[in-house]
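Please read the structure below before turning to the comments.
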C-alpha cells in the first residue's frame, strides 16, 4: 500500500507533463518539434538491440569510470583543502580557475595529455563532476562539529581513525549532496565528451542524429538520457539511505515520527 | 605535583567582543588527587578545563602536566564535556561510541568488549548498546559520555558538570561510581560542578573560583573521612559546615565582580527585580 | 482545568528498537497552577512535555488544552528545551534570539526592547546582548533560553530541566524569578526537574513519575505557605518531610522496574558493581 | 517564437538580414562584399553571426532567426532527404580542382610510411564530421588509388585539433582544410591525397541557403541577396589580395599564414554535375540512409 | 596573507605552463608557454572587440545566474516545505536534471537565434538544478530542536522560513550559488562558442577556427580568471553572511 502510494506520487507529475507534451505537439509541423507520438514510436527501434551494446553500454562504462575517479579525487582533495587553511588558500584560486573553463574548451587541452580514446572521455567526465563533490566535501569538512572535534582530540583519535570516524562521517551528508549533483553532471559530460573524437556512445549518437536532421531520433536520445538519470538517481538514493541511515534516523527521530 | 596551572590567563578575542574569561589562575593537583572546581556560571570553568586538556591555548601562563607544558591533548587523559549531547558521534551506536577510544589505544577485542560492557552497565545503560545516542534521553546521553571516559581508564580525568542532566538518585549513584573508580584506579580527577554539596561530597579539595575575569578565590581542604556514603557523609556536621562556607564564598564571589571585568554574569538580585 | 493529559501513551518506533517511553499517563493542571514533574532519567519527561507542546504526536491518548486537543504548537505557550544549546539560533545574537518571538507577536518596538532588556538582566545577562550564543558558557546559554521564555509572557510555560547547567546561587535566583513571574503574570507552569528540593521549593504540586514505561506514581500536594524564600522554606520541617517522601518514591520507582518494560535505566547498584 | 517575421525593415528602407556563417576562409566573399557595399546597394543591412558549426545554423534558418545560412552541400543533401524545409539560393565555395594546390587535403606526418591515398586503407583518419563530405570524398580518393575504402577507420576531430592529434600520433592521417592545412605543412607534414579534386572536377563544396518559407514570402529579398552574393563571389575570385586582407578582420589567422595559404575558388555557378557525383558517393557510403537526395528540390 | 598564498598558487600554475614545453610533455605549438599566451593576451586587451565580448559574456552570465538562483531558491523552499510536493516532483527533477544544455542548443536557436535569450535559456537550465538540489539538501538539514523552538513560540510558516529554514539552508545555498556561478559561466561561453552569440565564446570559436592557439589560450585564461574573481566575490559574501557558522567561526584541523 505504502509502495503503491509512492509509485503513484512518482508517476503523477511526469504523466501530466507527458500528456501536455503529447497534446501540444500532436499536430506539430515544426521540423524541430515533432509530435511526441512520433518520438515514442521510434524510441524502441532506435534504442534496442545493437545500439544498446555499441552506444549505450560504452557510454555507461565511461560514465562509471569518470564518476568513480571524480568521487575519489573530489573527496581526497576536499578533505585536504577543507581541513587545512594554508592548502586551501594556495589551491582554491587554481581550482576555481579550472572550474570556470567550459568543458568544450578544456577537451582539446585534455586531448593533448590523454589522447583521443576512452581515457580522454573518462578524464573529461571526471574533470566536470569533481566540482560539486569537491566543494561540498570542503564545506562539510569545515563544518565538522567543534565539540566532536575536541572529543577526538582529547581521546587522541588522530590520523586515519579521525578521518574515518569524524571527518568523513561528519561531512558525509554534504558529500552525498555533492555526489548526487555530480551524477547528473556526469551524464551531461558523458554527452559532451562524446562530441569530440568519438566514434560511438550515446552522446555521439545524439550529435549524429542532430547533424543528420533525424530530429525524432535526437529527442528519443534526450528522453533516454533523462531515463538514465532517473534510474541512476534511484540507485543512488538506495545506497545513500543505507550509508546515511543514522542521519535520516536522527532527523526523523527528532522530528518525532 | 602532577598537574600545575601557573598564571593562566585566557582572553577570547572576537571582532567586536573581547572577553577576559580567566585573569590569573595558579594552583596544583597532586597525582591521585580528586579536586572539585566550583564557581559562578560563566566564570571560566569550561575554559580552564579546555586549557588543561590542551584544547585551547592560554593567552598567557601555562598548564603543566608532569612538569611538561601542555600544548596539545596529552596521552592518558579523558574529558567529559559539558555539551554531552554534541560530544557523542551521532553516526555510531552507543557501544561504538564507548569503544572508539579503546580501539585507538589498540586494546585487544576481548578486553575492549569487557571494558565497554562494564562501563555501560556501571552507568545503568546495560541494555542500550545498539541504540544511537539520539535515541536516548538527555540524562542517558550524558551517562554514555561518562561511560566512555570510564572505559578509557585514563590517568587524568577531567569532567565538566557531568551529572547536570541526571536525576538525583542516578546522580548519587554516579558520584559513588566516580569515588569508587578513583580508589581502584588511582586516577587523578578534576571535577567541575555547580552543585556545592556534590563538590564537598566528592572532593578531597574544592577550589572556589571568582566571577569572570577569574582568579582562585579559595582552596578548601575537605577534611571528611575518606570512606563516604550518601547517607552518613551528607548528614555529618562538618559536611554542613563546609558546604555553608563554600556557599558563602560563591555568593561573595558573585557579589563583588572583580574590577576591570569586561563581561560577567553580574550580581543581580533577581528576586527584587521587577519584571516589566 | 486548563491542561489535561488523558491516557497518554508514546512508543518510539525504530527499525530494530521499539521503546515504549510512556505507558499511560493521566493528570490535569488547573489554570494558574505551578506543577513540578520529577522522575528517573529516561522515564519520558521530555517526551511528555513535547506531546503537550504539540511537537510530538502521542501513540494513543491525548493532551487537551482548554478542552481542545493539542495537535500542533498552541498559541501563548512557551517551551524551554532541555537541549538549550540547540534551541538557540546560532545565526542570531542573544538579543535577537530573545526578541524573535516577540516580533512574531507583533509587539511594538519599544515594548519589545524593554521586555528583552528586562528579561536578560533578570537572568543576569544584561551585558551580553550582542554576543552570539556560541560565545557563551553552557549556563549562560541556558539562561538565554529562559530569558526568551520569560520575555514572551506566555499563558502556559513548559520548562525541561531549565536550571541544569547553572551554579547553585544562580539557580536559587532563577527559582525565585520563576515564582515571581508566576505570581505576577498568573502563568500556568509545568516544570520538569531532577532536583527534588527544587521541585518541592517551586511547586504547588509535584507529580512523581515511574520508570519507563511511565505511569504517574504519585501526585503530591505541596502544602507549604505561598510566600517562600530560599532560607526559611528550605529549613522548614514540612519541606524536609516532603522531600524525603518524594525521594523515597523515586528510589522505589527506580527499583521496581515496571514489568513489560522494553527499555529503561534499570536499577544498578553502582556502588557495589565491580569495575573491571 | 518561431513565427516571428523573417524580415525587418531598417531605418532607411533597407532590410535587416542575418546570415549564419562559420568563421573560416570559405566565407571571405560575404565579408568582402559587405565591405564593398554590394549588399547595402541592394537595400540589405547585413549582419553575420558566426558559430562553431552547422548544428546551430540550420535550425536558425528554419525558424527564421537567420534569413540565410552557409553550409556544406552534403549536410544540405542530408537535410533534404529528411524534408527539412530549406533550399539553396547561391553558390558558396568550390575546390580549386588542382591536385597539389587545393585548400583541403589528407595529410600525414613527415616520417609517416603512408605515401599515397592507397596506403590510407586500414589506417585511422581524422575528419571533422563523420558521415559527411570529408569521409565520403576521402573514400573516393582511396578507391581511385586502388585501395579498400571500407577498411579506413574514421575518427571525428575538430580541424583545430588535427595538427596536435597528427603530431602526437593519435591518428595516422588527417583530412584538413586551411588554415590547419598550412599549420600541418609547417610542421613538415605531407599531403597524400587531394580528396576534393579526386571526388569530382571543380567540386562545389558549400552553398548559401534559405528556408522555403522565406523564398515563398519574400522572393524579392532572396533575389537581391543572391545577386549580392554572386557579385561578392566574382569580386573575391578576381581579387585574392583583398580576400587575404579581409581575412584579418573576421579571423585570427596568423598574418604570415594569411599571406601563403591556398585560397579556394568562388565561382558564381553551382557545379550541378559535381553535386550529382557527391550525392552518389554519399548514397554509396550510406550517408543518406536508404534515401536519395532530390537535388531538384534542393537547388534553386 | 591568504591573498598572497592564493597568488602563489596561481603563480605556480603560470610557471608550470611555462616549463611544460621544455619538459617535452607537450609541444609548444599546441600548448604555448606562459609568455606567449601572455603576449597574445596583451593583444586581446588592446582590442576594443575583446572588451565588448567580455561585457556581453558577463551580462549573459549575471542575468542567467540571477534568474537561476532566484528560481532555484524559491522552488527549493516551496518543494522542501510543502508536504508531499517533494515526493511528487522528485522523479521529474531527476529526469530533467541530466539532460545536457548542449543537447538543447537546436531548441534554443530555434526559439531565439543568436539573441541573448538563447544563451540565457542554456545558462538558466544548467545552473538552476545546481541551486535547487543544494537548497533541497539544506532544507532537509534544519535542526529539529531549532524548528520546534520556533514552532512552539508560534512562529508562522513565513517566519520559520525566514528565521530558521533560511539560515540553516544558507551554507548549502552558498555552495549552490558558487556551483551555479561557475556552471553559468561555462554555459554562457559554451553557448556563444557553439551558437555564435556574441561574447568571449564566439571569440574563442574564431580563434579555434583560425588555428590561433596562443589567442585561444589567452581567452581561456580570461575565462578562468573570471572564475577566480567570481569565486572571490562569492567567498566574501559568504564570510559575511555565514559569520556565525561553524565553517567560518572555527576551522577544524584535519
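Residue numbering begins at 1 within each chain, and the chains themselves are lettered A, B, C, D and E in the order written.
In the analysis below, contacts are C-beta pairs under 8 Å (C-beta built on N, C-alpha and C of every residue); 3 or more make two chains touch, one makes a residue touch a chain.
Chain labels with UniProt names: A, E = Nitrate ABC transporter permease; B, C = ABC transporter.
Source: prediction; values computed, not measured.
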{"item": "Per Cα centroids, the chain farthest from chain C (ABC transporter)", "value": "D"}
{"item": "Between A-D and D-E, the pair with more C-beta contacts", "value": "D-E"}
{"item": "Rounded Å distance, chain A centre to chain C (ABC transporter) centre (Cα mean)", "value": "48"}
{"item": "CA centroid of chain B (ABC transporter) to CA centroid of chain D, Å", "value": "83"}
{"item": "Whole-Å separation of chain centres (CA-atom averages), chain B (ABC transporter) against chain C (ABC transporter)", "value": "24"}
{"item": "Multi-chain contact residues (two or more partners), chain C (ABC transporter)", "value": "12, 14, 50, 55, 83, 86"}
{"item": "Junction residues of chain A, two or more chains touched", "value": "30, 32, 108, 112, 145, 210, 249, 253-254, 256"}
{"item": "For chain E, residues that touch 2 or more chains besides their own", "value": "30, 106-107, 110, 143, 145, 193-194, 208, 216, 245"}
{"item": "Chain A - residues contacting chain B (ABC transporter), complex", "value": "145, 147-148, 150-151, 153-157, 161, 165-166, 169-170, 172, 246-247, 249-250, 253-254"}
{"item": "Residues of chain C (ABC transporter) defined as touching chain B (ABC transporter) within the complex", "value": "12, 14, 16-17, 19, 38-42, 44-46, 82-83, 85-86, 114-115, 118-119, 121-128, 130-131, 135-140, 143, 150, 153, 161, 164-171, 173-174, 176-177, 180-181, 184-185, 194-196, 229, 247, 250-251, 254, 263, 265-271, 273, 275-276"}
{"item": "Chain A partner contacts - residues on chain D that touch it in the complex", "value": "2, 54-55, 58-59, 62-63, 75, 78-79, 82-85, 129-132, 153-158, 160-161, 164-165, 168, 170-171"}
{"item": "Contact footprint of chain A on chain E as seen in their complex", "value": "1-2, 5-10, 12-13, 25-26, 30-31, 84, 87-92, 94-103, 106-107, 110, 126, 129-130, 133-134, 137, 140-141, 143-145, 171-172, 175, 178-179, 182, 185-187, 189-190, 193-194, 201, 204, 208, 216, 220, 223-228, 230-232, 245-247, 250-254"}
{"item": "In the complex with chain E, residue positions of chain D that touch it", "value": "1-2, 18, 20, 22-24, 49-53, 55-56, 59-60, 62-63, 65-66, 158-160, 163-164, 167, 179-180, 182-183, 187, 250-254, 257"}
